[in-house]
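Got some structures for you, see below.
What follows is subunit A paired twice: with subunit B in the first complex and subunit C in the second.
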Partner chain A sequence: MFEARLVNSVTFKKVLDAIKDLLNEASFDCSEAGIQLQAMDNSHVSLVSLALRSDGFDKYRCDRNLTMGMNLASMSKIFRCSSNDDTVTIKAQDDADTVTFMFESKKQEKISDYEMKLMNLDQEHLGIPDTDFSCVIKMPAAEFARIVRDLSQFGESIVISCTKEGVKFSTSGDIGSANVKLAQTSNFEKEEEAVIIEMQEPVTLTFACQYLNSFTKATPLANQVQLSMSDNVPLVVEYQIPDLGHLRYYLAPKIEEDEN
Partner chain B sequence: MCFVISVMQHSRLKSQQNGIINKIILKCLSNFQENKTFNVNSLNQCFIYSASHKRAMVKATKQKKERLGANIHNLLEQNHKLTDYYQIRKSDRRTKREVQEERKKLLEYALRKGVEDGLEVKCIENKGRGVFTTRDFLKGEFVVEYSGELIDISEAYRREKKYGMDENTGCYMYYFKYDGHHYCVDATEETEKKGRLINHSRTGNLLTRTIIVESIPRLALIAKTNIQKGDELLYDYGDRSKESLRHHPWLAC
Partner chain C sequence: MGILNLSKLLADVAPQAIKETELKNYFGRKVAIDASMCLYQFLIAVRTEGAQLATADGETTSHLLGTFYRTIRLVENGLKPVYIFDGKPPVLKSGELTKRQGKREEAQKALEKATEAGDAAEMDKFNRRLVKVTKQHAQEAKKLLSLMGIPYIDAPCEAEAQCAAMVIYIRVKAGKVFATATEDMDALTFGSNVLLRRLTFSEARKMPVQEIHLDKVLDGLQLTQKEFIDLCILMGCDYTDSIRGIGPKRAIELVQKHKSIEGILQALDKDKYTAPENWEYEAARELFLNPEIADPESFELKWGEPDEEAMVEFLCKEKQFSEDRVRNGCKKLLKAKSGQVQGRLDGFFQVLSTTPAKRKVDEKKNTPNKRGKAGGGGGKGRGRPK
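Here is the complex of A and B:
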């Protein structure tokens, strides 16, 4: 028996919105520790890694480890049927081929449940080692989304270069080029508006806009986003989901011209 | 001449198609020049050219589309894949710790649920009851729990004395030590549970392991080797004290 109850169903809705751009379907691995999801997009260029801790749920029970393959479009259809302040309960029997989502309205006067067929997905998991990154940038999530959106108008890829002075996002395309520089904030009063850079050595990497844009769909989940970069490893874009877990995106860099 | 010019006006030249159209115009022109006179035949040829021009246009757009497709393809080509950096983990390949933890979880689950499948009780001549398998068990697999009442050592000695008075009572006390404490599982009471009926052998096919479930130590019997369907389950009771051997000489074999 698997049962997970979350008073704020809107959080789950936001998580879905944040991943359904990149993934059509995904396996949710449920264990006593919580719910995990790891999946690459079709092109194998990016990866989504979601972890929701069991203690972040208002009620959590998982007698036996189970993997639930779900179609994310269908899942978001179901969540669209709920109100933001509904409580959601996700239920599945051991070895079941369906999962049930139950929504209870705040005053308990309306209870709706939706049963969805599970899928058998043959998904490849990647073994991701712990890496010490050369640069870790923390910045407001909305600011990151804005920069990516603005720069994607000009080119197909964004160069992120991180130095002691700050972080620079740049792109160039048919109409010209664009640069956005962010300096570290010296004023730490407002934590959520801060730009903090921890740097061991400077890094410059190029990434495809298309994927970065998809990552920023997670912006509603968190105030801050963390970008971790090192030479020759994928970029990690991490959003902390308050009291529940995290959502991480991995993105392989573009092949530089001199590499060919 | 006037006809050719009207073609030019009509086709609203796009810069990249200039070349193709120019070629057609040149061809038309040379035709007109050869014929010198404007006749039905040359008019026909003009139509033929306009048709071939259309075909050329179609071909050009097709090429353009192909180029676009190639661009998208290039876009992907230009990007590294995540699999260049991280290895795909085979589904059954996990770290040792993960595997151990999972095994522990499975064991706890089996104990909590009281799993007892794949077993049957049969009577053996001169030996009494024994437990046999009705399916194969893999090495390391949970088989059954030695379930009974968990009591402390002093209570166990008291009960043993009491049971000793009655010749018909068998030996169902399992003594073990966990975390510095001596415990005993007393399964003397006749129950449905099959774990208590498994016979002794010094070279049995089961091992006992102490598993903590909800902070209570419990005894799980685990397959020591691969066990085939129909085999009798046996494990070493471990009791070789003189007293026990005098009462139960079979403990030595």
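Here is the complex of A and C:
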């Protein structure tokens, strides 16, 4: 028996919105520790890694580990049927081939049940090595989303270069080029508006706008986003989901084509 | 023609070996394309009102149009195609070729009949059956490819074998070729570890690319490569006859049980099944194992820039293509050429474990167990495979 209850179904809605651009379907691995999801997009360029801790739920019970393959578009259809302040309960029997979502309105006068068929999915578990990143940038999530959105109008890829002074986002295309520089915040009055850079050595990497734009769909989940970069290693874009867990995206950089 | 019904058998027995994806997921991949198969497809498919495209003098240009546009489509999607042309057919194929010649003659006769009767649909049908890729077609395609900056290779023998060799080579020295693109399933028999089908199909057909992995095929069929070759011979290949009365299902059972054609011949009921006289299965097997190929090491694959003026000269002046379109195509080729390539995550992360989806086969096995469980008084049940 699996049961997880979250008072604000809106958090789950946001998580779904944040991943359904990249993934059509995904396996949710449920264990006593919580719910995990790890999947690459079809082209194997980016990876989504979601972790929701069991203690972040209002009620959590998982008798046996189970993996539920779900179609994310269908799932998001179901969540669209709920109101933001509804309480959601996700239920599944052991070895079941369906999962049930129950929404209760705030005053308990309306209860709706949705049952969804589970899918059998091929699944690859990837080992992600711990990396000491050369640069770790913390910045307001909305600012990051804004920059990516603005720059994608000019080119297909964004160059992110990080030095001690700050971080620079740049792109160029048919109409010209664009640069956005962010300096480290000097006064730390409002933590969520700060730009903080931890740097061992400067890094410059190029990434496809299309994927960065998909990542920023997670912006409503958190105030701050963390970008971690090292040479020749995928970029990590991390959003902390308050009191519940985190959502991480990995993105392979663009590389210079070698002729041999 | 490949192996008779192999794709059907795989869909039944080893469905996990076949994946369908979109063309754009192959960006950055080097792909060996069976050129003869491609040209043949173009000659058949690229038509207007049932007739092949031609210049005012009646020279066919379907193959050039196809090569031009579909290659551009591949390059635009970030693929790096290398075309492999057939050399002389192997001696063993002569039987198959005679058969095809016979069929061609039949079609020719039928066409004459249909023309006499004035049946347009029938005429079209037999017209297509008469399509043959000539030396001239291949020569022109090669000329076009070199103008486009796309490499090609002349295989000494069968193109599929050469493709397979290029693909196998990747295991030895990374960076040659990722997959073989052909409709012929015998690319697998020749040992190509990844086979792509429908890669050069028209975009308008909206058919996803089919990706077949040899290791998963062998896994699914529970055979070694050698046994797989014997299975293909039994199912019917281009190079020798097969035993009459043994279909795909029976063939796979026999190979799984007896491991080789020799073993099967010993065990087989001689009255019921008769092996063909002078059956050259050994020679066919040898051909699959050690096909005549050129050393992949000897080629340098270079994707160069298109020669726009020379292309205009060739395609527009000689073959009466529209100049705008040719120049436009060149621009697309150039654009795709410049810049950086998107990396993949595969290289960075290690696959720890794969959980294949549970297939129908498993479900069948599971059902009696579940019933047993219900009767047995609600035990904990077997764990889900992790």
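One rule holds in what follows: the second predicted complex is superposed on the first by the 256 of 260 C-alpha atoms of A that agree within 3 Å, B and C clash if a C-alpha of one lies under 4 Å from a C-alpha of the other, contacts with A are read in each partner's own complex, and residues count from 1 in each chain.
Heads up, the rule we're going with is that a contact is a pair of C-beta atoms (placed from the backbone, for glycine too) under 8 Å apart; a residue touches a chain by one contact, two chains touch by 3 or more.
Quantities reported herein were computed from a predicted structural model and do not represent experimental measurements.
On the superposed subunit A, the positions of subunit B and subunit C overlap enough to count as a clash. Taking subunit A as the reference, the larger set of touched residues comes from C, when subunit B and subunit C are compared.
Using the contact criterion defined above for the overlaid structures, shared-chain residue A:Asp95 touches subunit C, although it does not reach subunit B.
Using the contact criterion defined above for the overlaid structures, shared-chain residue A:Lys181 touches neither subunit B nor subunit C, since it reaches no partner. Judged by the touch definition given at the top, the superposed model places A:Leu47 against both subunit B and subunit C. By the document's definition of touching, of the two partners only subunit C reaches A:Leu66; subunit B does not. Legend: residue contacts after superposition of the two complexes on their common chain; A:Leu126 is shown touching both subunit B and subunit C.
Legend: residue contacts after superposition of the two complexes on their common chain; A:Lys106 is shown touching neither subunit B nor subunit C. When the two complexes are overlaid on their common chain A, residue A:Ala252 makes contact with subunit B and with subunit C alike. By the document's definition of touching, of the two partners only subunit B reaches A:Glu32; subunit C does not. Superposing the two complexes on chain A places one region of subunit C into the space of subunit B, and among 240-248, 294-302, 348-356 or 366-374 that region is 348-356. Once both structures are placed on chain A, subunit A residues 40, 43-47, 64-65, 124-129, 208, 233-234, 250, 252-255 are touched by subunit B and, in the other complex, by subunit C.
Within the complex, the subunit C residues that touch subunit A are 16, 21-22, 24-25, 27, 175, 302, 339-346, 348-359, 380-381, 383-384, 386.
Those residues of subunit A whose C-beta lies close enough to touch subunit B in the complex are 32, 40, 43-47, 63-65, 124-129, 156, 208, 232-234, 250-255.
Those residues of subunit B that touch subunit A in the complex are listed here as 75-89, 91, 102, 105, 109.
On the side of subunit A, the complex with subunit C involves touching residues 40, 42-47, 64-67, 69, 94-95, 119-129, 157, 206, 208, 233-234, 250, 252-257, 259-260.
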